[in-house]
Each structure stands twice: as structure tokens, then as C-alpha cells.
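Since the structure comes first, as C-alpha cells, the remarks are kept for the end.
Labels run A, B, C and D following the written order; every chain starts at residue 1.
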Amino acid sequence: MKLPVVQFTKEQQAFRLEVRAFLQQHLKEGTFRTKCDSWLSGSDPAFSKLVAAQGWIGMTWPSAYGGSERSTIDRYILTEEFLAAGAPVAAHWFADRQTGPLLLRFGTKEQRRFFLPKIIQGDCFFGIGLSEPNSGSDLASVRTKAEKVDGGWLVNGAKTWTSNAHDAHYMVTLVRTAPYDEQHKHKGLSQLILDLHAPGVTITPIPYLTGERHFNDVFFDNVFVPDAMVVGTLGNGWAQGLAELAFERSGPERILSTFPLLNELIIELKKAKDTVGLATASKLLAEMWSLRNLSIGVAQVLEEGGEVGIPAALVKSIGTKFEQKIPEIARLLVRAYPNLQAEHAFDRYMAESILHAPGFTIRGGTSEVLYGIVAKGVVAQ
Amino acid sequence: MSEMLEIVSDVFEKMCKDFVTKETVDLLEEEKWATALWQQLEDNELLKVAVAEQHGGANGDIADLLALYQLTGYYAVPAPVLEHTLANFIIELVGLTPFSSITTILLNEQQTLTLTNGRLDGTIHHVPWARTAQQLVTFAKENDSTKLVAVDLIQAEMTYATNLAAEPRDTVSFEQAEIIAQIEVNELQFQKLIKYATAAKLSSIAGALDKAFQLTVRYSKEREQFGRPIHRFQLVQQHLAILAGEAAIATAAIENMAGSLVDETERFEVAFASIRLDEASKTVATAAHQVHAAIGVTYEHSLQHYTRRLWAWRDEGFTAHYWQEQLAADLLQVEDVWAWMTTQ
Amino acid sequence: MKLPVVQFTKEQQAFRLEVRAFLQQHLKEGTFRTKCDSWLSGSDPAFSKLVAAQGWIGMTWPSAYGGSERSTIDRYILTEEFLAAGAPVAAHWFADRQTGPLLLRFGTKEQRRFFLPKIIQGDCFFGIGLSEPNSGSDLASVRTKAEKVDGGWLVNGAKTWTSNAHDAHYMVTLVRTAPYDEQHKHKGLSQLILDLHAPGVTITPIPYLTGERHFNDVFFDNVFVPDAMVVGTLGNGWAQGLAELAFERSGPERILSTFPLLNELIIELKKAKDTVGLATASKLLAEMWSLRNLSIGVAQVLEEGGEVGIPAALVKSIGTKFEQKIPEIARLLVRAYPNLQAEHAFDRYMAESILHAPGFTIRGGTSEVLYGIVAKGVVAQ
Amino acid sequence: MSEMLEIVSDVFEKMCKDFVTKETVDLLEEEKWATALWQQLEDNELLKVAVAEQHGGANGDIADLLALYQLTGYYAVPAPVLEHTLANFIIELVGLTPFSSITTILLNEQQTLTLTNGRLDGTIHHVPWARTAQQLVTFAKENDSTKLVAVDLIQAEMTYATNLAAEPRDTVSFEQAEIIAQIEVNELQFQKLIKYATAAKLSSIAGALDKAFQLTVRYSKEREQFGRPIHRFQLVQQHLAILAGEAAIATAAIENMAGSLVDETERFEVAFASIRLDEASKTVATAAHQVHAAIGVTYEHSLQHYTRRLWAWRDEGFTAHYWQEQLAADLLQVEDVWAWMTTQ
């Protein structure tokens, strides 16, 4: 499994500095405050508008829709910088990472024309409707159904664990457009774009263990979805959904969710001139460096249209364990009293990291599921 | 455990079951607490279990208290049961008179309060249940000596705060506060007091991690994936085995520690238990959440009450960090480590 | 799962000092040299004779056979001291730990009278014949068969992974005394005491990765075993074998195999006055202490005849991981050049520990098998 | 990798396949080695791949060499291929003339040899293949400066020893030995040389751990337990996934490191690779053995050739220990760690 070595060009390096300057300015102005796990738990539509104003949402998409046609690597750099700074990018996250590429690959011309410019302008956010109350890791068991009616589909059922549905306008929803067949679970699934403000949609929060609003249940009671909102081919929802996963699994958000804490740890150790502690911290940096190599390599292969199922699953499973490990190692090196409200940044990042860490190895494919995917892949080779 | 305490334990556990539901624990988030439970405990004299007979108590010992603290941890009791009973146990131990109104205690590594001519000054952070208690028992510095003092909290300026588990951990400031009682503690007494306080915390931790383990076993039987209960999958079995191991290790550690304290043979048991339970807290919280998957990180599910306590408690009071440093210093003096560990 | 807290009596503490003095004397005299993993890889029949002369083989057995009827806890203390000193006890190990208790539980009076005194005198060593070339963790699949002939049984087949068979006189061998039945694999298995010097027995070494002789293949070509050498009930071999496992799984040999290295690590750190290193080492001691609590508790329950299947499996799975971890942590704290021939004890113990560590979590039940046993146990409660 | 080297690599790999069997590697235990392979490599001028054209070589660069060292690791080549080619590469780099007879190299953290008036004194341990080589390239101290010296081993007193993998690691003593060549290396050159030496070792490690991974995958398909190939069990799948991850991480680390060395943009890549591969060596050796179970710890099975090398190599030369200390010192000077890591 050889991945390309990516050397950033001068232009790319300049772009990184541009993004960094933008973030530092807004940090200084207090537009946002650095937070661990900000890509999923830091939803701030106003900040997303600022990002859009820079041309940084949908930046790889065709200019026909308002995109800048920049490379995957540019987008990679952008994402890294946002995560390293702990910026609140959750509102536009799914639309930018998943929905746009999905529509570019499978969407109709009308869908692209309608949605992509709105997404790019930071005016249209998406949720992801995959899991259901009883499906968990077994996605093929979804039961939400869409029945054909005149001019569209009537959707009934429920989705759960939808992040930030309360801030989103639409949701790409995996539904059964043909009856459930125990023998062929993967068949008859389709992806619909469902308007979250349509009649019959109820969104109820599932408060996170901190009490914060983050996940939601989304219920559908005879929700009408026009034919024009079917994504790709009817019945092909499973395969289309799988194609999204590589984008979802190998990005810097599987490595850097707790980077603000790691950075703060090093600041504290430097203050204390604790070279033994810094030597341990350098192990964490070595892990981060090695994961970045892999993750950037996958991004490059994706850019070239290559197959990355296994390395992407590896980035996810190893990277999220790394993210999870940072608070546990940090607290061995620097004493902390973790507290979400603390003035002291180290204590605050510790609290954010500890409380969010359990989700890292669950969301987007549990480590257990990923082990199976990787093992089957290597055995088949 | 004495026969007397076996009964007390049973009654206490029954009250926890009756008066501490998920909703009771949730009350903390609204700055309320389990007052009904408290009333019951008071009415049944359970708050005086370890108070001397001459002060109206049942004359229990530290092992009796630690057994109760495993239960307060197991049920995430949202009331200052540990603090009140430990405070009274400790002040009796140094020859002072216990309190009947709610009393809290904080023995901290960093001593930030100073005593001058019987007046207390300074700020102390993370005081458990300060907002609820009438008295605080804590350390104060007077010149080069360490005093154990009791002070009425009515004289304090207070800022409410909580730990990761939403338990009250208030900031308390004194300015020339009059103290109720004081006594100097020498190094030997100091060690004894902080070992008791650490042991109390560790017992709660052991209770909470046992609960997280039990909840996970239960969930693994109820939850189905791919058509089977999840405990049938090898990777879930691995998590369950790891949890069972940590729970067994923690229980044995706590009991050996308690035994050594009550026999007054304690040498390194508190330190070892502290270090090992720090590790266990991490392992248990991680594995329990991984098995529970998404449901476990929701506010609705009760797992979080226990894992948040594990994450909070491990960094409070005298931590594994502290005890590791103590042991490192001890080891420098130890001739033969095997003999040291195995020979009294 | 509550285990008793064991406080050693004054007599027990005195006994510990007696054993320790014996070992220190022989170390000083050069009778043996401290070695990691000495209980399995340190076979020295001459040293076993010295141990026997102290009355320390079969010390818990009835006086009728020459035993001292001492407690399980006494034997626990003895074993701990031998392991901590890294003494070469492998020759008599299986006879003392397994065969004696097996015969006391299931053996005939004649078997006990014949074997136990010999074992106690250090004149009779046993091997264990369980695994077969294709059985591995799936012990129920053994195929070695014994056919009934006049006055006994004719054994054909092969056992593998038999430790120290070349030094042993007999082997308790699990064989099929009834045909293999795919549906009832556990049935028809019996335990025979097989004379390793009998005609038809061939013992060939399976050199360890270091080249040392340790494991053996043992082949049976029409080996005659008299009826009197059947242990317990014909066809009950599976259940009898399981009963042995608790003894095998929870002893100090699942905690202390690499203790000599841990001890040497602390000596090195003390020399360097490395308090940060000592703080890390104290974590290892805390693990050891916590495992000992569990292991001694199990020993006490065994003494009282209680059920310890699950806690014994826990001691084995956690303890062996601890043993395995010691060299990996030691090398982070003190620089070493691991070498089996090194003069420098730390380098030598490092080499012994590293090279033997892979076996710790395999022999006597792999960690994977133990996880299953424990999980099934806790789910059933 | 250059096109030239792609061909060289293929030829080299074919020779390894033809001339390095399990039995060839076993020869080391009898103090023999792969002389037939050596002859082939010499005949095909493969030992001169990175030697300059003016010295009869193919003018390859460090990345070309590192690619070969991954192969020597992958095949556990029992011959001083790495040592000979690296020694010549390094002495050419500092302006000296390469050797055609077998040459070995040891750049050590602790410099134990001293140079006085062109004469070498002292003892150096763990010299790879000293018994086989004619020349040794190493560091020597002269007053306060560090010299790179080449010395004829015929003048040395030698005690044979091996590392954990039975590879020759001899103790070599000099007394007033005449040297063949010497050159002073300043701090910058010193750093460059030890980075090359470390990178060489790391490439071999990456090769060996890839092999341990491949052997494990193969075994998991062949071996059956409980009626199924073991790769069907979730716990074995977990081991395989972990191994695949470490192999992928190691490969990517080596390639990024090699790229930075050849571009002369290297800043921390060697250090990070060293630290990460130290970790990977442990993880891979542990998981590979666990899947192989008993068969893997036998002399007969070839897994041990690779895991023993991983255990041996990680503690040779400039180790992860050393690089961690270097990075810790660097970090003290670093303003912003994210900028440092991501901006050239």
C-alpha cells in the first residue's frame, strides 16, 4: 500500500500562511475562541459566513457554481489550519465535506445549480441522515421508507445522531424506496435531499453528556420529497453512500480534534523547561507527523481518483485513537483541573478533550467496524 | 466489614436505590441536590456511622466509612455524604468535636489558606459542596506549621463552580474569618489524614467504575447489532473482559487498602491503589463508552454520570501524580524492592 | 466478584524469610544465576533436588506421601520467592503445580503412592501432553488415540509444545479413548500417565527462537500404557483437564516472569537518582501490587475449595500483559543493549525478557481465549 | 525513486529471493553468512550503486540506498550490504575515497575512540560485521573535535559477539592503530552523517516490519482453528488491522523521510521516523507473535528472523531515545509548534 509523498508547492505554502493570518486575526478580534473538537461541536453560522466570504467553502468545486477549482491539497491545508486553530466550522462542515462532492458526483444539473452556490455562500447547511434508532453500525438495516406518490416521495420514519440538524437546512437522507428484504439488505436504498423545514419534519435534540445541543433525532411524518430531490440512481443509495466514506474517514479531522490541547501542553512544558516532558510530547508529535503523511497521501490519491478504502480506514482508526490519547498523556505531564469554564486554557482544553474523546472512535465508523474492513482488505490482497 | 456495618451498608444501599434515581443525579445540573435522601440518612442516623459513641455515633472505623463510599460512588449520590462523614471522622481523630450540621472537607496538596492569630485568610478552590455546607474542615498554614481548621462558611465569599460531573466545587475566600477550631498536625498526622482523604476518594472511584462495568454488561445483553446481542462479538467480549479485570483489580485494591488502614499496617497501599485506580478509571471509561457507542455519550443515558465522575475525581485532592512522586522518593531509600513490597 | 484479603501470618512471614535466605545463599554460592522466565525456561534437575531436600516440592500434599501438608498460601509464598529470584525451577514445575494436585483429586491410591513420593523427592518430573500439531487453542480437537488392548492401551499420535519433555520422566497425556465425534468433541477424552522412556516414544526438540531447547514434539508409535495409568474416569479427561486450569492460570508465574528485570530497572534508576523514572517505575509496582492482591485472593479461595474460573482467567490475561510490558517500559527509562550473554545484568534480563515475552500471552491459554471465557462468565451472571 | 534505481531495486530483490532463503539467514547462528549473495552483488556492481561515477559507481543518492535497505530488512539479508554501501557513501560525502573491499561503519552516540597524531586508541562495542570487514569507518575524538576516520581492521583486537538477531556485533580494540584516512566533521556535518546512518537503520526496520506483517497475513489465511481460518475471528482481524496500520505508517514515514533527505529539506523527519518506528517495532512484533501463537516463537518459523531484528535494531546506533532528547531541546526554542511542523 504505497501512498504518494506530497511536497507542498510554494503557492500552497503561501495559501497556508494566508489562512493562518485570517484565523489569527479573528482569534485576536474575538470572533471565535479556540476549542477542541470544533469541527463537530463548534457550530457558528456567522463564522461560516466569514469563511464563505473568503471563498473557502466548496473551494475545490467548479467555477460554474461559484467554486474556485482549487486542489484537494489546498482544501486539506485549509482544513488543517482551521482544526489546529480550533475554529468553529461545524455549521458548514457536512455540506462542504460530503454533500458538495456527492452532488458533483451523482447529483443532477439542477441540484448542483440550486445547492452548490448556496453552500459556497455559507447560506445552506446540510445534515447527514444515516443512522436510525436501531441500526447503529449496521447501516444496512435502515427502515425509514419513502413511498412513491405523484411527483415525489412520502417519507416516514426517523433518523438519529444527526449532528447539528438544528442548524442545517437540508439533510441527505438514506431511505428505502423498495421494501426491506432480509436477504438483500443493501438493495432498494436511495438518497433523498430532504428539506428540514418541510411539513412533517420534527427535530428534537439529543443532548450531549455535557448538556450541549449537538445530536438530534429527526422524525418524518409523511414528509413530501419531490422527485427532483432524489440523488443519483434510485436503489443505488448504498453504493453512493459508501463512496462518501473515504472523504469522511481520512481527513485531518481524524488527527487534529485535540490538537489545541497538544499545543497548549507543549506551551506549558516549555514554560516549565521540562525537557523530560517535552521528550514525551515529541512522541505525540511523531505520531501526528506519521498520521499526516498517510492522510495527505490519501488526499492526493483521492485527487487523482484512486482507490483508498483501506488507507482511509487506517487513518480513521489510528488517528482517532491518537486524538483520544492526547488528554490522557497530557494529564500525566502537567497537572490539571479539567473544567469547561476554566480561564486557564490548559484546563479548558483538557475538559473539552476528555468529554468529547469517547465519540472520536465511534462516529464515522467505529474502530471495531474499521478493523474488520481493513482485515478483510489485506486478507483479500 | 463488621456485622454492624453490614446492616448499615444494606440500609444505606436500600436508601440509595429508593432515593437516588437518574433524575436525582440530574438535579445537580440545576444546582439542586438529593435533600430527601439526606433527610432519610439523618433520620436514620446513617450520617453518624463513624462518629464516636460519646458524640452520639455508632463508633465505626475507616473501613466502615470506605465501604459506604463505594456505595456513594456506585450510586453517584448527589449529596455531601462523603464530605460530611469524612470531615467529622477526621476532626474527631485529631481530638475535635464533630458537627451535626452539614460539614465539608477539602485536604489539598497546595495549601493556600493562612492562619494568623486565630483568623483565616486566603482563597481555596474546588471546595466540594461549599454552597451547601455550614462548616469547612481544611488545612491552613501558620508560619511553618500546618493546622487543621474548622471554619463557619457563613463568613466566606463564594463563587459557585462545578467539576466535570457537575458536582459543586466552589471557590471560597476568607478575610480575617474567625475559626471554630484548630489543631496543629505534624508530618505523621498529616500523612495519616491525607491517606484517609485519598482512600475515601478512591473508594468512590471504585464504586463508580464498578457501576460503569455493570451498566456495560447490561447494555451488551440488551443491544443487538447485525442480528445478535453485541456481547456475542469477540471485540465486545474483549471490552467486557478488560472491564471485568479493571473492576476486579479495583475492588481487590480497595479492600487491601482498607484492611491495611484499619489494621494500621498501611505503608504504600493508598499510594498503589491511587496509581492503579487512576489507570483503571481511564481504561474503564474508554471501554464502557466504546461498547455503548453513541447512546453512551448522551445526557439521557446514565453511563455519563459515572464516567464523568471518574474523569473528575481522579484529578481532585491528592492525585496519583502526588503519590507517584512520594513513592519515587521512597524508592530512593529502599534497599531491596522485593523485600520492601513483601515483608512487613 | 469479591476475593478475600489475605494477611500473612507471622509464621508465613517467617517462612518467606527462610525461603529467601535459602535462595540468597545459593545465589551467592553460584548454584544458579538469576534469569527471567526461569519457571518455564530454567530447567535444572540438580537444583530441583536441592529444593526437594528442603521439603519444598509437593509441600501442600498429605504427609502419607511425604508432603508437609502446608497451606496453599505457604506454597504461594515459596513460588513468589523463587520467581522473584529467577531461580531455575522448571524441571519439577509441572509435577509440583499440576500433576500432584491432579493425582490427589482423581488418581488411584496406587498412582499416588507410586508417584507422589518420587515427585516430592525431586526424582520424578512430568510433562503436559495437551496440544497437538493442529489443535492450538482448540484443545477439544485432539486426535491422539488410545486403543484398548489386553491390560492397557496402545497410544498412537503426537503431542506438541511440551515444555521440558526431554527432562521429564512421565507425561499426563490427553488422548481419545473413544472415536472422535465432530458433534461431541469433548467426549471420549481421557488422561493417561505415559512413561516417556517407554518403547515407541520419540521426543524431538522444537528449538525456541533463541535456539535453546525448550519445547518438544512427542510422538507415540504403539506406546503401551497399562490400565493402572489411567487417571480418574475414562472419558472424563476434558472435565479433569479443565479443573487443572485454575491452578495453572492464577499463580505468581503469571505476574513475576520478568520481575528480575523490574528489580534491576529500579536499581539502575536509583543509581542515576532518576526520580522521574522512579515515578514511572512506581506505576509498574502498583500494577504488580494490584495483581498480587487478586492472585493471592484466588489462591485463598482455591484453598477453601471455591470456584475461581473467572478471576483466574483475569489474573492470567492481565498479569501476562504486565509481564510483557516491563521490558518495553524499562527500555524507555534506561538505555540498554539487550544481549543474552551480557555481563551487565540489565542488558541480560532485557534480552531474556524481550525474547521470552511473546510466549507469556500465548502459553496456558491465549489472551484471546481468556477474553471469551471472562466475557461469557460476566454475561451469564 | 529514479528510473535507474527502479531497475536496480528489481535486480536486487530478485537476488535476495534467489540467494536468501530461511536457511541462508540461519547461517548467521553458525557464524557464516551469505557469501554467494555477496559475490552476485559484487559481480553485478550492485554494491556500488551509490558510489560516484568517477569511482566506478552508479552515482545513486541516499534515497536510492534507503530503498535498497528496505529490501535488506525485508529479506533479513545476512551480509554487510547496508554497512558496506553506507560506509562508502558517507566517506565519499566527506571527500574521501570509497573502498572496494568489505567495509563496515558504526556511528555511535558515545564516542569511545581517540585519535592522537594519526594513531587510533580505544575500544568500540557492537561493531557490525567487524569480523568480516577489512575497513571500519567511525567517529574518533581528537581533543575537542570529532573526526570521521577509516581504519584497517587487521590492526584491531576483536571479540566476537552478536546482537539479539545473531548478527555479528563485535567488540573492536585499537592500540596506536594507523588510520587510512581522517577528516574533521563540524556539528552540521555530524548531524547530517548521523541522520543518514539513522535513516539507513530505519529503512531496514521498515522492511522487517513489513515482512512480519506479510508473514502474519499469510499465516492467518493458512491456519485454521475451531474449523475456520483464523483471519475470520474478530480478534485476529484486530491484530491484522493494527499490523496493516503500522506497516502503512512506517512505509509513509520512511518515504517522507527519504524525500526530505534527498531534497535536503530534512528538519525533523529522521527524528520523527525514528520515534514512530520504535513504537511500530514493538507493536508489530507483539501482534505478529500473538497471531502466530506457539509456532511463531520457534526457531523453525521465519517470523523470528524479522522480530528479532526489530528488537535488536531499535537499540542500535542513534536510537529513538536520542532523537527524543534532541527534539525536546529543539522544542524549547520553537515559538509555535504547529507553524514549526507545517511551514518550511
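The working rule: a contact is a pair of C-beta atoms (placed from the backbone, for glycine too) under 8 Å apart; a residue touches a chain by one contact, two chains touch by 3 or more.
All figures in this text were calculated on a predicted structure; none of them were measured in a lab.
Each of B-C and C-D has its own count of C-beta contacts, and the greater count is at B-C.
Remark: subunit A and subunit D have CA centroids separated by 40 Å (rounded to whole angstrom).
As a whole-number value, the distance joining the C-alpha centres of subunit B and subunit D reads 52 Å. In subunit B, the residues that touch at least two other chains are 233-236, 238. The set of subunit C residues that touch two or more partner chains comprises 276, 368, 371. If you draw each protein chain as a dot and join the dots that touch, the picture is not a line, a loop, a star, or fully joined; it has some other shape. The part of subunit B that touches subunit A in the complex is made up of residues 29, 125-126, 161, 163-164, 223-226, 233, 235-236, 282, 285-286, 289-290, 293-294, 296-300, 304, 307-308, 311-312, 315-316, 319, 321.
Per the touch definition, subunit A reaches subunit D in the complex via residues 1-3, 5, 7-8, 13, 16-17, 20, 80, 84, 259, 262-263, 266, 269-270, 273, 275-276, 278-283, 285-291, 293-294, 297, 310-311, 313-314, 317-318, 368, 370-372, 374-379, 381. Interface residues of subunit C facing subunit D in the complex, by the touch rule stated above, are 131, 134, 136-138, 160-161, 206-211, 215, 324, 328, 331-332, 335-341, 351, 354-355, 357-359, 361-363, 366-368, 371. By the touch criterion stated above, subunit D contacts subunit B in their complex at residues 233-235, 238. By the touch criterion given at the top, residues 217, 220-221, 231, 234, 236-238, 240-242, 244-245, 247-249, 251-253, 255-256, 259, 263, 268-269, 271-273, 275-276, 279, 323-325, 327-329, 331-332, 334, 337-339, 341-344 of subunit D touch subunit A in their complex.
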